[in-house]
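Below, each structure is written out as structure tokens.
Shared chain: chain A. Partners: chain B in the first complex, chain C in the second.
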Partner chain A sequence: MPMSGEFKEKILAPLMSISTGKDLKFVGKSILRKEGIDKVTGRARYVDDVKTPGALYGKTLRSSIACGRIKKISFAPNIPWDQFTIVDARDVPYNRVLQIESDQPVLCDGVVLHREEPILLIAHEDPGLVETAIRSITVEYEREPGIFNIGEGRILKQYDIEEGDWKKEFAAAEVVFEGEYKTGAQEHVYIETNGFIACWEDECLTVHGSMQCPYYVHKALKYAFKLQDDQINVVQMTTGGGFGGKEDFPSVLAIHAALLAKKSGRTVRLIYDRAEDMASSTKRHPSISKVRTACTKDGILRAIDFSFHIDGGAYITLSPVVLSRGIVHAFGPYKWPAAKLHAQCFFTNSPPYGAFRGFGAPQSLFAIEAHMTALANHLGMDPAELRRRNFIHRGDTMPTGQVVDEDPNMEALLDRALELSDYKTKRARWKRGGGKGISLSTFMHGTGFTGSGEVYLASRVGIATTKDGGAEVRVSSTEIGQGTETVFPQIAAEALGIDISKVSFRRPETKVVPNSGPTVASRTCSVVGKLVERAAGKLKQRLAGADIRQHYAQHGEAYEEVEYVPRPGLVWDDDKYKGSAYGAYSWCVNVAEVTVDPVTAMPRVDTLTATVDVGTIINPVLAHGQMEGGIAQGIGWATCENVVLKEGLMENHHLTNYVIPTSADAARIVVEFMPSPYSEGAFGSKGVGELPMDGPGPAIVSALNDAMEAKFTHLPLLPEEMLK
Partner chain B sequence: MKTNVAELQVCSPRSIDEALQQRRDIPGLTPIAGGTEVLVWLNDAKFAGKTYQSLHGLAKDWRYVRANKDGTLGIGALATYSDVRFHPVVKERYPLLVESARVTGALQIQNRGTPVGNIANGSPAADTVPSLLVYDAKLKLKSLRGERLVDLKDFFTGYRRNVMTSDELITEIVLPPPLFMPAQQHYRKVGTREAQAISKVVFAGARSAAGVRLAWGSLAPTTIRALKTEAALQNGADANAAWEILQREIAPIDDIRSTAEYRRKVARNILFEFLNKLANTL
Partner chain C sequence: MRSFGYAEAENAQGLAAALGKGYRIKAGGIDLLDMMKERIDKSERIVSITGMTELRGIKERDGGVAIGALTTLNEIARDETLRKAFPALPDTVCNAATPQVREVATIAGNILQRPRCWFFRQAEYNCLRKSGQACYAVAGDNTYHSIYPMGACHITHPSNIAPALVAVGAQIIASDGKNPKSYDIRDFFLTPEQDLKRENKLPQNEFITEIFLPKMPEKSAYVEVKEKQSFDWPLAACVATYADKKWSIILAHVAPVPLRATLAENVVGEKADIDENLALQAAEAAVKTAQPMAYNGFRVHLAKAVVRRALLKACGKDFHA
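After this line comes the complex of A and B, so read on.
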């Protein structure tokens, strides 16, 4: 597509000139998104854009109760049911969705454990008739009382971590301070809803869909249909955002589409509208944290007793890992001589909660950060000063037992954030309760899977030469808006020493690309990127300086594949839940400035300042995009994104009444990167995807407390609660 | 879309007469101007009827904003929010209308939706209706039987109910010449966010020698004029006394967007804010 000179000059040129890599050609440069033009011109094909002549349109019949048994299903006589394909639990070869465990049925088999639980699938050529038909099916239930509160139901998972003699520290402490902190659910609102198209040919299944993790879908299909690996091909279409919402949930949808396709012998489209997507898909886990800390009168922390409880919903899905990531971030970037960390996830009769940017850490970090500010107020100390006195340093031990072997540099990040935001002046000038407030949060986020997760994943990355003298990166890591399709070619081009325009990114499909693991956990750029760097290095070695075009003409495609190698010295004990939780951490300081309208108590986040160490920046514009998007999502979680739950169901499952920030609501966002490179990350990079979600919540709620002279300890914090 | 659109019927009249004949002859016909509200219903298969009348073909007759020689302003049934918002005479004389059209939905909605449709739809949260109430708007209702003029303040009879008969269409909003100085007019939309929001509370108010006007949305089953509070203020009531009376004129509820208590407090604060503004412009 031709670009106007003005666009090139005024928009692109300044972006391209932002650079961090000094001796590098492509890493550190704001290379234009490879798939960007296709997206903005409408040429990119999302799953709903795929033309499938003669296909059937699928629809899901869902439960209208939260807990009970199905007594009877009746089909109204006004519909030509004989023209429909109808699938129920009996049609599923193995009626279980494989995630971490496999407790969740693909379709209800008599028992209902949450609202909107799938019961039946129907399909027909006429999408309009499908809508009428789905409303012509009546289900009679025998209701049973459900459980909707954290702590009332069975325990889904529990972790306990202890370090040092915390009992003694509390007994001897000069100051003991405690508080309870709550966070609400959150809906992802990816711009594209979930959808899959499935078809079978000669006992082989192909699904096209919107997803983060093609191999998770592959694994779940294989399990439910009892197939062999090579009988399934999972193809990722252009995907309109995920934020974790397309990590576990698409597996369910893919099985559903494949069931309808199998029974009908036709291609089946199963694409959700927004209301169905919001009502039935996963959300961020709601949490309740109890935090008790012991410190000296001068604010030197001595011990923490953190109790972290989350709502898992009706099935296990990814909750054990969310709980784990939550608890191993709960202590924040501080030094604690002793700690007691206790985490529990409970079953309820809510639709299962799932992955959402941050994966439990935003919840626990909200608690510790809101607590730190409350503690500072209790001690009569500046919240920035209390934090400064307690930051963790190289050589210190975290409550998980991990010895910090990098320089967190929290003091430098803090100083710069305070300077950029003019924190001291504003804090002195703005009277408590005067309608304006400024506060902060300081935090970290681990890069990649927790503990031994990366070792179990054993991710693989491939790279191949191409006919035109370039290279193609083959990974199952997906482009979901964050920039994978651009960043990986940057890394590969740099390592191969060829031009970026010569490196392409193979669209992930499981028949073609190796399993580089899921696109989650802030791992793609840093962890998988490192494998791209290694694979490209290996290919370069093999080519030994040969011209790629000639090499291809002579020998055909040259392909190299590498596998994840555990970092030496990184040890994690799954039983004791101790050791090095992450190979590296990203570090960050947020300062939030807010104004509250005295007439309406509507909060406004005026400025959100973030100083950030995510290691080497591969692509500055994309990294800024991750920070700004995550911060906006954090602002929404803190101030307006209120999931109204009724019997565990999101009652406001429409964009008209689930309110996310518009550009008019998002703050002025100031981001400054202060990189300290990580040797095991691609060209020194660390995780950036989740970190920005962690800090805005506590900084904003604390700033609002200052503005309103209040002591709120939860989010979202709505005007309805603040208006006196 | 949850609605089976194949089950819907749409009439597309080419003339005013044809439109009015259809209104008379086809029961349960829902007229559509911009269709921005109906689309939301259809998407969710809620409230929606099965038979629609698209007035799109009548744009040449009804899409206008017209300043008349007698000083009145006519807004045709198919004039969009954008038509109204950017009209020079509206900008000069009816600032509350400009402001309320500006905060209605997004630009896409403003380019398609119409103030007349906003009235006919009857949402108590309608953003432009309070402004029109302040300006003493009248509605022209037309049927094959003839035409009548109804005061907007008498138009609504209950939640999404009005005085229109099934054979009538609203053809025009008529605004009398403006009575108010710009400095003595006030508009406040309290949405769920800064833009593209549905109102939790919406207010338009003004004062002139002819009297005080207070109009509210989202505080009762319909948008309302607070006539008793207006009268009390006219008779010299202070802010607290006015609030005592206003409290009995409103009936806010708890719903998915907000609470009755919040709406009540905000109504009080906005009333005080407005009266303060008036006091400061004396």
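After this line comes the complex of A and C, so read on.
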């Protein structure tokens, strides 16, 4: 940590401060990013910046078919193969990647289930020769027909949730309206591609890499190599973005690097270039939703019948939990007297789909929100009014059986969003089909793991005194650009009552930091942050007012650790899949304003307004950053990010033909926070990471429909489709 | 890691000598270094010419304008003379690539850059242009490929600035170190039918020294349609210029070469002022010979739109409808 202490945090103008009703010194202030100076001056070290003299460069030979068997692997005679380290399935002590299940092989063992599936690993001192060598290996296959459509293959996971007498409601309904909604895959395009460096020393393995979840990597390495906990150290390097793409996938890569290192006895670098990363890594699950709703003529919702289908790809990876988060958000922030929710994830011969910001919720929320707007049009109502009549309130029961025990305040969020965007005037002025459109989405996102997930995780957080009179936060939650390294010291400084400049953040490595769980699921700031708050409080109690520097000099390091305790009354039944899915929800309203060129159909999102309740804002600038980044990603998913699938593979795995919005394309983004604090979140905070991804899609597609007088129900909605 | 020889040329003689030894020219390096990193270009010797400052700058000369080969895109975008006399020219580059790229990318490099076809740009596709057997765009994703067939390879020409130069019949002045050579830009570019491996006529032993625009047009306009407003190539673009009672209508990014829409030029004839109706007729004529591939049919519509709009814009008319 060469930089800590070399610069002083500055507190930005009070304009960006959010009142929490308490007299807080650091929470609610836009403290500058602790790691920011290193990043902008180029001093931050990403995995590819690590110098490893004498190391080997690894490369992966991948399948060129989607389904079949490997008949023969031939090595061309013109290559001195004895100079290369070559690893195949036989070299893996236990050829399985442990995630939720362990169905995925580390390397193909004869059977190929998707394109780009890893078959062999090769390493050499000269990366150029590795490239040549890879091209000098021929794999002969016996092809089998693959499955590439949702619903055609085996079921990977299924959930069914029912509440109330939905059959009766549909039978008696004044209006029944139904629609089908589809969403495409999406590539994360984190700035830094995936990479790992592995080395072994005395039967102990150390890996350095780009990742979100060091303990996931640790668990997978332990399983594949049959090691003990203390034989492995997983070190996170500065990580250039994740968005879920570095949640599950790095486990595969770390094992690969470690296999090459083990066989060669050398340090091995396995760092993907963009094309390999985009072709082989996980993507957002494509989805098809069928939504049928019953309501009165006045638009009072009576029942929902939601069928949610997603493509899981060739292996289980994280699909069961993606499906789960998807279905427990499918009903939106509305009150439903009765509901039938059905969710299925299917195997296909696509590379496995994985975590991506929102984790299934953006897909199901796209369906319900596009449906709500279509229903409003069907009823001849303003889409904002239809929503207003049906918002959920404190004391209402969600289809999961969860009784809402917080105030969603959706009406207030809606009113403010409509006011900020001048929705009513524009909606009245802009004629359907006139090239300009305005529409909205209203939604929520659960904080933390779904159901009993947080209980199983049993996250732990540590905090220690330091020699210089400060404290060090020890967690496995990673800084991936979202601000962990800054907000945790803010929380700890506040709870300890010491200056922010005295609190440091220990770079996660599994030998040093306790397992505070993965950096996912909108849980870091709120759930893990609460543990930081508690640990700091415990340390403060132990210090009993003593000067930390003196205490350290006399007693050495004082260390406190706390473990997650579920919120009392939070009950979830895994068998029935009912109960309190989340301790708290973040709530949000989006209004999208678009312009479509009437001749070329090229769309532009002019303004996207978001009114947001994510509880207490710990760091306003970082929270704005999360909102704006997520909204930009949502704009991309809605308007241009088209994953072209050929035999399940992303055919356009390059940034020249996979189009993502640039800063010149991102809309004017207006964000206003309207916090209602959550007692179990750090200083009242709730999740902010995924929420911004949920709303732009349906709001934009509905606005484009208005602008073009169309009825599209899918995304991405490309100009060439609107031209037809 | 592949190593390569590196030299710096200080003058034309030195550069010619280097070219004689098989050196490849690096100016801004935007295209060449990308190609080398992707292992598409396997040059073993590189000669940098960025020190040849005499090749840089924009000068008025003999009633026209001479643009040095090393003049950057941003220097062209910012040039006041060009902005006044030939606004379409700076317009073609003022939003090209990114601000960083425009600061180093040169006009000659922009004209000579290799195709951006992603099959060509990936080492694993041994396509026709790389001595392979097939054009992968035929059966693959051809969204961004040519909509005008001109042979077995379906690239589009990537240069942003070339169409404006073709419109005014610019001269490409080159040298082999001893004698200046001159190429008419209107027949400088090669279609795949003419040559599958090269996109222009410049021989290996010559280098461009300047681009000479003999006469500024009376009217000019540039219109493009892009998916991204930064860091992208247009899906279709058009330069329209009017001089000596003649229109030049050049389509860009839709064919293997900057494409002169002669059928459209015939429709508008000598008329200096073009109305909506005539512009539309010209646009329709411009796409008459288009033959889109499986995924790029929508770009015929875009090509039509840019022709119509460029003509109206050149005549100072509102085109947004």
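As a working rule, the second predicted complex is superposed on the first by the 701 of 724 C-alpha atoms of A that agree within 3 Å, B and C clash if a C-alpha of one lies under 4 Å from a C-alpha of the other, contacts with A are read in each partner's own complex, and residues count from 1 in each chain.
Here is the rule we go by: a contact is a pair of C-beta atoms (placed from the backbone, for glycine too) under 8 Å apart; a residue touches a chain by one contact, two chains touch by 3 or more.
Keep in mind that what you see is a predicted model, and the values were worked out from it rather than measured.
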| task | Determine, for the superposed arrangement built on chain A, whether chain B and chain C clash or fit. | result | clash
| query | Thinking of the overlay built on chain A, is A:644 touched by chain B (first), by chain C (second), by both, or by neither? | reply | both
| chain B versus chain C as contact partner of A:126, first or second or both or neither | both
| said: Quick check on the superposed pair: does A:173 touch chain B, chain C, both, or neither? Answer first, second, both or neither. | reply: neither
| First (chain B), second (chain C), both or neither: which does A:598 touch? | both
| Where on chain A do the contacts with chain B and the contacts with chain C coincide? | 126, 128, 131, 135, 275, 598-600, 602, 640, 644, 651-652, 654, 656-657, 659, 661-665, 719-720, 723
| task | Can you check the complex and tell me which residues of chain A touch chain C? | result | 126-128, 131, 135, 275, 597-600, 602, 640, 644, 646, 651-652, 654, 656-657, 659-665, 719-720, 723
| Once bound in the complex, which stretches of chain C touch chain A? | 1-2, 39, 116, 118, 121-124, 140-141, 143-144, 225, 227-232, 297-298, 301-302, 305, 320-321
| How about chain A: which of its residues touch chain B in the complex? | 126, 128-129, 131-132, 135, 273, 275, 598-600, 602, 604, 640, 644, 651-652, 654, 656-657, 659, 661-665, 719-720, 723-724
| note | chain A partner, complex, touching residues on chain B are 1-7, 40, 43-45, 188, 190, 192-198, 201, 256-259, 261-262, 265-266, 269-270, 273
